[in-house]
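Just below sit the structures, each encoded as structure tokens.
Below, chain A partners chain B and then partners chain C, in two separate complexes.
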Partner chain A sequence: MSNHTLEPTAPAAPHAACATCPVQAHARLRKLGVDVSGWDYTVALAGNPNTGKSTIFNALTGLRQHTGNWPGKTVTRAEGGFVYQNKRYKLIDLPGTYSLLSTSTDEEVARDFILFGCPNVTIVVADATRLERNLNLVLQILAITDRVVVAVNLIDEARRHGITVDTRGLTRDLGVPVVPMVARRGEGLPELLGFIAEVASGAYQTRPRHLALRNPNLERALDQLIPQVTAAFPGLPNARWVALRLLDGDPSITQAVRDGTLGDLSRGLAPAPIALEVV
Partner chain B sequence: MNHQPSAALSTTLDQIPCGTTIRVLSIQSEGVVRRRMFDLGITPGTLIRVEARSPLGDPTAYLVRDTIIALRREQARQISVTLSLEGEPA
Partner chain C sequence: MATSPIDQLLDRATGLRRELGGQLHDQVSEAIFADAVQIANRSVSRAGQQAAFRFDRAVDRVVTSRIWGFPLMILLLTGVFWLTIAGANVPSSILADLLLGTVYNGLHAAAASIGAPAWLSGLLIDGIYLATAWVVSVMLPPMAIFFPLFTLLEDLGYLPRVAFNLDRLFKGVGAHGKQSLSMMMGWGCNAAGVVATRIIDSPRERLIAIITNNFSICNGRWPTLILMGTIFVAATAPPALASLVAAASVVTVTIIGIFVTLVVSALLTRTWLRGEASAFSMELPPYRPPQVLRTLYTSLIDRTVIVLSRAVVMAAPAGAVIWLSSNIIVGDASIAAHVVGFLNPFGWLLGLNGVILLAYIVAIPANEIIIPTILMLTLTVGRSELAKAGVMLELEDDLVYQTLTQLGGWTTLTAVNLMLFSLLHNPCSTTIMTIWNETKSAKWTLIATLLPVALGIAVTLTTATVARLAGWI
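Right, the complex of A and B next:
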């Protein structure tokens, strides 16, 4: 039940252009279910609750992770795999969160994975009907990692509400690819796959928007703290972010620095994920 | 837009009757709770409509940026708001 191969026999491409066309490439998506051995890239799926993360997860992996509308549905991270253009991808579905900065277990799972799991790409799924609310998390994730693709899902519902999302403008403003999607119907999936591959390989160079701190005192404090954090935890992927959280008094990061577990996290010793139950 | 009317025109969110839309002036809570308010979209300048109050008056449901959010009275008391705002939908 784990190995779905929904791929039709790929027809011979009549034009050279077809071979590189994303639509053609999408037809060669091979869904690997829970078989995630020997992957080339790790991709994280993040987003607010109820934005369709699990729908995208299922569309890419061929799994049928529970999709339902209640809080904390994806209790911990679920994993699946797929092959695209001869690269194997491991996909991790993170719990839905509004933020990475508060203190719920869901938020810590998502935050720790994006920070310390060092995924090659993080997909942030945003609800097109509530973009204002969703962009908070997008900006928080852009502060942690450069390798982001934003999927603006539920574009059809937004249209019904008379909302048009300027994804090109968003791409420009956020500095990362933004894909309009109707994940339920597979719309936008070929484009999403194309961008995941390009950001993973480095072919697409993102220029993520970072919010300015607008406080010289804070910048000075950071300049003093960052070298200390780096000295205490060599190889930490995002010392600036950790320093900022310490200055903000984040209790879980403070604790992780105090008891040294921050070092374990940065060495990739994050707790093992709970196995995904396939229905 | 000026979000800072004189102090006499402000109150706290827990004092606002159902159906009224007001604008947030400032948030008094600190630390984790303050961060949580920001993450829920409650920031200075945000429009909030009081949607429904539970039978005992606590918690109360608020419409914040197209999402219904329930706050306890002590949380709402930490949010300073304008007294009233005519004709502007949340």
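Right, the complex of A and C next:
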């Protein structure tokens, strides 16, 4: 669609400053569908069930992953791709979960990908009408990875219910970018893309909030265990979280420690992709 | 005695866990939740008026009420099927006139004019073309109406309310409440429903959900039910009520499916898969105004076209196989006639016939082709019998009803039992593979495959015997 350049009234070339202005950038989103070859960054989409993850996934990739107004629609990962500002992104739509602490298969798929899949950015989609329960998951994900962008979706529904969300205040409290969105209508998509790019490239340095455990005994136990975790796995980005899971006796993390999957992670190698068919 | 740092780490973690005691998991969850509440309180403000919430709750009070919940569900489902059946009538007959009349005769005329050999035009036109044409004319109109309506209900947020109503029943039989969700996924596709059971944490309850998922009528089976309801069950009612009776018959089979799901779940929790039902909480999503145009588009593209193309892809080779097996003569009859003749006595016992049983074997890869396969087999096997007697069948004059009653000797019992057998038979091969992938157990895959067939045989045998003893047939 190069018709625009032929219009006589349009300037021959945009002003140099405009090319780098983020406002222009959304127009340069190129949806790649399922073509995810040779990506520069991987981006994971996480969030509670029925918050609009698949809607955002479809808006970014141009795919038509089935969306439905009920929890539990996506139980496997779906993958798609898009190009933004000349970088290729691979987007992974994870199953919706309320928490990453229990052990059902769908939660494990989400947790394992965020932990072992090493996404460059994790978008956590939160429902503006049920923010406190959604923040539960945001906080847990912030404990695993600091490269997070929070999308507060369904802002229109919140407005209908007389709820307003102070996303600037949230950004301050969480230490990561927070974008208000109405994904069904594409509102907030340009801002989301901008933050994804900035967090992926490292231009935006996040300062994620730490889990406040409110238990001195637990903090003491963690203080003893964390050095041992970092000694066994130098360079592990989330030693505190791994220590906490070990204290809790999480079987799959214990297994990952034992069989060296966690070791690959600390050496900066992405482990073999988790084999899961996409239905 | 050198232990690796990893072993030391794990030992230390175990030691510290003992010191901390068993409350750790809950404490961590509570701490995170307290933090979340604090942050949310700072950033969320609520205005005084909450009319929308109140509206949602008022609707929910009716929709999920103990008294009105189920009648409303039955009413809505009947409405959806009624619209489907009443709306599909006219386009169905137009399509049939076109594809099975004009185009079919045109193709034969064209083949005759270029002097194509009879076996070639038979294989291509009476085999491959006819099978795919039946698929399109029989399945396209009802699907193009039913799928968008069903997707609209889903988009609106009604399906989780149905799951909420059913939850009580599932809990009552000792199964997981989330089984109601995977069951409803099965109303789209059983393979997807089996994958959806991943939301169930306990392996015991998940197995129950996997085994019983096949009792949810899937995309491939709705058209069979709708067609049988429309042409046979509706014929027993006065014309004014015909579509309503047809819709009610489809709803009845759906509800029998839910009932069988519950009964089988109850039996499993009392025999092989004993255990306590685990608790879960389900969130009722807000009612969202459905995006009508988008829903129409995606349900037409994603469901109608995919189901239809799967049916066409399967029907074309099946049509060729059926034509060949009906025209290759071994001894005194065609191969198909031999097989049908062999299956006929058993089929008769079940109130079905050999053609239907053979069709269910041919259609293992895709339930979508049941009706076209039955029609093709009835036409080819039946026609050769009639041809011997000197009767010619004009295809465009007789549609499905006449083909089945005159050539196949069908009665209302055949149609009703076909509807029941459509509900109760083995899953399609895709679903069987999915069950294997999800359970990795030959035993459970086999049980999930054979249990429904056994039930189907038992149920149809019973209805056929009762109907015959009572003298209805």
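In this text, the second predicted complex is superposed on the first by the 213 of 279 C-alpha atoms of A that agree within 3 Å, B and C clash if a C-alpha of one lies under 4 Å from a C-alpha of the other, contacts with A are read in each partner's own complex, and residues count from 1 in each chain.
Throughout what follows, a contact is a pair of C-beta atoms (placed from the backbone, for glycine too) under 8 Å apart; a residue touches a chain by one contact, two chains touch by 3 or more.
Computed from a predicted structure; not experimentally measured.
Once the two complexes are overlaid on the shared chain, A:S99 sits against chain B and chain C alike.
In the superposition on chain A, no contact is made by A:L192 with either chain B or chain C.
Of the two partner chains, neither chain B nor chain C is touched by A:V182.
Contacts of A:L170 after superposition: chain C is touched, whereas chain B is not reached. In the superposition on chain A, contact is made by A:Q224 with chain C only, not with chain B. When the two complexes are overlaid on their common chain A, residue A:R214 makes contact with chain C while staying clear of chain B. In the superposition on chain A, A:A110 makes contact with neither chain B nor chain C. By the touch criterion stated above, A:P251 is placed in contact with chain B alone, chain C being left untouched. Residues 99, 101-103, 129-130, 132-133, 136, 248-249 of chain A touch chain B in one complex and chain C in the other. Residues of chain A touching chain C in their complex: 49-50, 64, 66, 68-72, 75-76, 95, 99, 101-106, 109, 129-133, 135-136, 138-140, 157, 160-167, 169-170, 173-174, 184, 209, 211-215, 217-218, 221, 224-225, 228-229, 231-232, 243-244, 246-249, 254, 257-258, 277, 279. Per the touch definition, chain B reaches chain A in the complex via residues 31-32, 35-36, 39-41, 65-67. The touching residues of chain A, counted against chain B in their complex, run 98-99, 101-103, 129-130, 132-133, 136, 248-249, 251. Interface residues of chain C, counted against chain A in their complex, comprise 5-6, 8-10, 12-14, 16-17, 19-20, 24-25, 27-29, 31-37, 39-50, 52-53, 151, 154-157, 159-160, 163, 178, 181-182, 185, 191-192, 195-196, 198-201, 282-283, 285-286, 288, 291, 298, 301-302, 434, 437.
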